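Multiple structures follow.
You will see subunit A twice below: alongside subunit B first, and alongside subunit C after that.
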Partner chain A sequence: MLAIAVVAALMPSFALADVRVVTTNPTLADLTRQIGGDQVRVESLMRGPENPHNVIPKPSFVMKLRKADLFVHLGLDAEPWVPNLLRSARQARLLSGGSGNIDTSTGIALLEVPSQGELTRALGDIHVYGNTHYVLDPLNGIVIGRTIARALTRVEPEHASLFDERARELERSLRALTEKLTQAMEPLAGGRVVTYHRTWPYFLKRFKLQKLDEVEPKPGIAPGPRHIAQLAEEMERSGVGLVIVETFSNQRTAQRVADLSKGRTVLLAQEVNAVPGVETYQELFRYNTEALLAAHRELNGTSTNPPAAETTR
Partner chain B sequence: MIELLAPALVACLLLACILSYFGLHVLLREVIFVDLALAQLAALGAAVGHLLSAHTDSFATYLYSFGFTLAGAAIFALARPARIRLPQEALIGIVYGVSAALVILLVSKSALDRDEVESMLTGRLLFAEWGEIGAMALLFGAVVLLHVALRRQFLEISEQSRTHTSPTRRQKLLDFVFYASFGVVVTSSVQLSGVLVVFGLLIVPASCAAIFFASISNRLLAGWLIGTISASAGIAASAIWDLPTGAAVVAALGVAFAMAVTASILPRAPG
Partner chain C sequence: MRSALALGTALAVCCIGFEAIPAEAEEPSAATLMENVKRLAERVEEMERSRTEDQRRIRELEEQLETDHYADEADEASVVEAEATASESGTAIGQGNLLNPAITAFLDMGGSWSSDKDNKARNRFTLREAEVDFRAAVTPRADGVLVIAIGEEIEDPFDGVEIDFKFELEEGYLDVHTLPWDFALRAGKFRSAFGRNNLLHTHDLPQVTRPLAVQAFLGPEGLATVGASLSWLVPNPWDRYVELAAQVVNADGGSESPILIGAGARNPAVLSHLKLFQDVGDTGSLELGTSFLYSRASGDFDDSYVLGADATYMWRDPQKPDFRSLLLQGEFFWSRSDFLDQFEDIIRDDNWGVYVFGQYQFAQNWYAGIRYDYTDFPNLEVRHQTDSDWAISSYVTWYLFEALRLRLEYQHLDRDHVDRNDTEDAILLGLTFYIGAHPPHPYWVNR
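So, the complex of A and B:
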């Protein structure tokens, strides 16, 4: 009796979970889950904390792609390990331009797009199309959600209204969250921070923060001793104490900068699953804003009794 | 899965055959890390090529790599132990370390695409393609013909390379040809399979064979056997446990070496 009930309860989800989606990272996997619900089975190739540039491909990556209906990725030149992988998967629909190749940068207003003539290798690991970390603006999640809903609708037209409704639900959730978190971040509004890598322009812009400088002299290039000393001096002079680091940054170097400038580092999640407890797109922004607020309070010596904290919750 | 890893397997078998052979010479000459030095020089050449051409032109880059490798061959051929009173390994270590450091300096100042320079050394065995494997087979075929034609001479200079007699001009030339052909093999195989796999396939089969056999022909046959079996086992492990392919091959070679050492010690233990 019980067994039948269990089987019956499981049946619909088995029967319906027929769109197989592979995403490059866990952030896109979570957004796909939020749009696809029971109608999709989602797998992410990256785990979360690693650098999207240096992913070591494994045989299973190719096997997963071969069985996938849709491949959801950041597009631009964010994931240089993807083209080889797609070639090995030999699925025409997943190749760039194919019906199953979903580039989530479609419709996103990119920041830091290099102007003509500015493109030389002397600038470092720059991205020729613009900054690729656009998922870190919660409102961009709305655009990504719509892109995913459209893609799922192409594969499963009978669930079109369901995907559309979930995309709207995601939009409502992200607008409410953004409003709430922007208010919570008021104490830091207009303030300046240092970031390790050029990961955060979308996040900073949304939450009204400004970037003083980066720990990396050029994106992807480790700082030399002179740059570290100059940066620490610059921070002290401008009264900037927060150094935002990613899970793949060199924590020691960031700590060194923070020590020299009497500031502190704050580890933010650049990806869903990058830090424990951040399992959804929404949690990522809650975690990151709370971490920044906590670091800000601690830096200003009000960690024991934060008067502003009550209003931020 | 089999179809996915088939090119990697064929590439590894090809590398195992040619590198086990070079490994015999490398062991005789006691220049264990010479492949690392030549590979690093090739990477330095690629970095310089990128810098000067400012574009990702793979052929120009290859020419620079090849040029630097030839320069390395000349260094190793001319600076034999008798000439400068240093162990050959010291020279190899210096060439390796300095070229690795120069790559870091070039990358830091000019901001080359690190991925491109690094990929020269890490390889991408999983994505091996039949076309490039075919090209590599042709290149290796040419090197094999050269070494078959000059096998006596190469063996002779390898065996004499540690003696402190002053080399004749002919020996120096042969030495250069040896290192140049070795450099060609190392440069092209490192791009495909990475430094670790090349090092493993070069040293491990030859070392295992040297434990059990004295004659060169026996060592060559044993080396081929050990190299191909270990490479196949590594690729199978990569498929079964979903491991990065190159690292799995090197780990399998490590197991083969441990087994060879154990087998050579065991029978003597009671006595």
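So, the complex of A and C:
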């Protein structure tokens, strides 16, 4: 045993100069990469298609956290598996309030914040602080980028100006992208859509879309046949044809809603790496807006129903 | 606006510059003129540079203003939030409650329909257990955990049925989860780290019943007794998860454990568990463990020990991680105990037991599984040396909601006892729910 300990102490991997960052999800990993560049080594615990609320905190996560200088997570109650994982990791710096614990919800204006009387599981799996899918507004990426830059600066003050410049670069890139995509989304602006889970309020608000209803009657609760029928009817009546679905939601249920309402489903990336080809934060928004526009065009061409955007404008 | 102003100033300065030149030079030669023009050109160039710089700065400030606006929005939101919290917790009671522990209450109900009509514990509904779990940080690096349970006890089910509700402190311990050099320390009453199943509370069990071998070797509800535990993440050159736990626990506390001596034990028991964990591919994982429980001679009992080995394989569909998964788990127990019979002769008794189960998730909220059990009985006070049981069970689990679970299980049990040799077929029902905070559980347990 002693021999093992000695070998471990001599291992070169413990003495590398890079900042080691572990993030809960691939989206935060990409943002960290954009700010940290060559100065960081980033690893995400979660895989892209997974539901952030239902990740299994395996003991191998502990091994990744042990060597991490920084642990970047969404904060709030977005990742209920995190507190126990941090307890198992045995690293004081990564515990809540520790110098290496980076909560990216700092400075974010949250949507759907429940008032105190509403806090009951009768409403489904609600989040007590507000909707936790804030990374889906590209401008929130700017705030997250700054939080990450500040954290990296604390660990490696000699690269402060580099991190700062990259945070500015990210900001420029996200502003330009948001402007471009908002313009591209103009044909859909003001239109209504149905979403499967309550994942999209930040995204919809940024790109001027409105939500008609959700496929889940309450967050995290699977819809029954009656809810599906009622929803389809509501969609037809309101001329809404697009059903946005995440990779972790039930695609078949979403398809049934779309079939019944003569609409169509759009699989969007709720996370970097959730679908093939979406490998950066910017690509996520490009992919999602293109997918929505393509679905909208298709619906326009094939459906006799006027699509949402046309009827509401 | 500001850039226009800067341009105006620059032009004005230029004009003044031009007027000043002829006044200074009375007889301007071609050379001086050229010199002046050159100087002017330089000056204009410099002004242009400064203008570009100004414009860049203005753009930056504008961007800053806009982002600050977002930050302001966020700040305002948090200020409003803080004010709301402050106003609602103005009373002394409110302030006290803010630091209350996370509380989860579980209820575990069941029922059975069995071919065994003599067993009064069968063919009835049972309220197996109601449990309240409190936990909160005691210090930044330590949590306090208190688990109180009220469980239904059926005494002597083959004579007249007598049902009692037993109030029990299931667990109560200080968990120092973060210590230097990857250590963690636990002190109080806690479930012993023997194998995998023993760590589970009744409401977390993957099947309706606890595996027969766990019941026979560690006690009907597993082993939980008072003591201290030290665990260490063993550093190793392969960078693998290796955890070693060593526990010293009261041997008199586990009154229902067939291995621990019970009341009158003079020495504490020692327990250790070694756990190895390895990711297999993208979404699979394998955990292997060995356990050792040793109880020293005391009274009529000589030394006795139990060895255990466990393996858990888990897999999730990489494309549909929330919809398809597979769990395979098995545990093996072997024990040796020596004690004196009524003629003061030393009797050596070796026993073994095993369970294996496989469980497949075939839809988002549905799991189906099958379990095989075989066990001897190390407790010779209630069982004969040659007694053994085997059973096969199949079950379906349905999560109606995250906090509400239904389970239907069919169990075929074959007893081979000196005083009883028969089989039993039973249909078991389980209904479990929790209210309150999201409860923690081992990684391989569903939700």
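Rule of thumb we're sticking to: the second predicted complex is superposed on the first by the 284 of 313 C-alpha atoms of A that agree within 3 Å, B and C clash if a C-alpha of one lies under 4 Å from a C-alpha of the other, contacts with A are read in each partner's own complex, and residues count from 1 in each chain.
Following the convention adopted for this analysis, a contact is a pair of C-beta atoms (placed from the backbone, for glycine too) under 8 Å apart; a residue touches a chain by one contact, two chains touch by 3 or more.
Owing to the predicted nature of the structure, the values given are computational and were not obtained by experimental measurement.
Overlay on subunit A: subunit B and subunit C clash in the combined arrangement. In the superposed model, A:R237 lies in contact with neither subunit B nor subunit C. Once the two complexes are overlaid on the shared chain, A:R154 sits clear of subunit B and of subunit C alike.
With both structures placed on the common chain, the touch criterion links A:K208 to neither subunit B nor subunit C. In the superposed pair of complexes, A:G224 makes contact with subunit B only, with no contact to subunit C. In the superposition on chain A, A:N250 contacts subunit C only, with no contact to subunit B. After overlaying the two complexes on the shared chain, residue contacts for A:N84 are found with subunit B and with subunit C alike.
Comparing subunit B with subunit C, the partner in contact with more residues of subunit A is C. In the superposed model, A:K262 lies in contact with neither subunit B nor subunit C. In the superposition on chain A, contact of A:N51 is made with subunit C only, not with subunit B. Of the two partner chains placed around the shared chain by superposition, subunit B and subunit C are both touched by A:P59. On subunit A, the patch touched by subunit B and the patch touched by subunit C overlap at residues 54, 56-60, 62-63, 80, 84, 87-88, 121, 125, 220-222. Those residues of subunit A that touch subunit B in the complex are listed here as 53-54, 56-60, 62-63, 80, 84-85, 87-88, 120-125, 218, 220-222, 224.
Those residues of subunit B whose C-beta lies close enough to touch subunit A in the complex are 1, 4-5, 50, 54, 107-108, 110-115, 124, 126-127, 129, 238-239, 242-245. Chain contact summary for the complex, subunit A toward subunit C: residues 1, 4-5, 7-9, 11, 13, 47, 49-51, 54, 56-60, 62-63, 66, 80, 84, 87-92, 95, 97, 107-110, 113, 116, 121, 125, 139, 142-143, 171-172, 175, 220-222, 248, 250. On the subunit C side of its complex with subunit A, the touching residues are 63, 67, 70-71, 73-75, 77, 81, 84, 88, 140-141, 143, 175, 177-179, 182-184, 233-237, 239-241, 243, 275, 277-279, 282-283, 285, 287, 314, 316, 318-323, 364-365, 401-403, 435, 438, 440, 443-444, 447.
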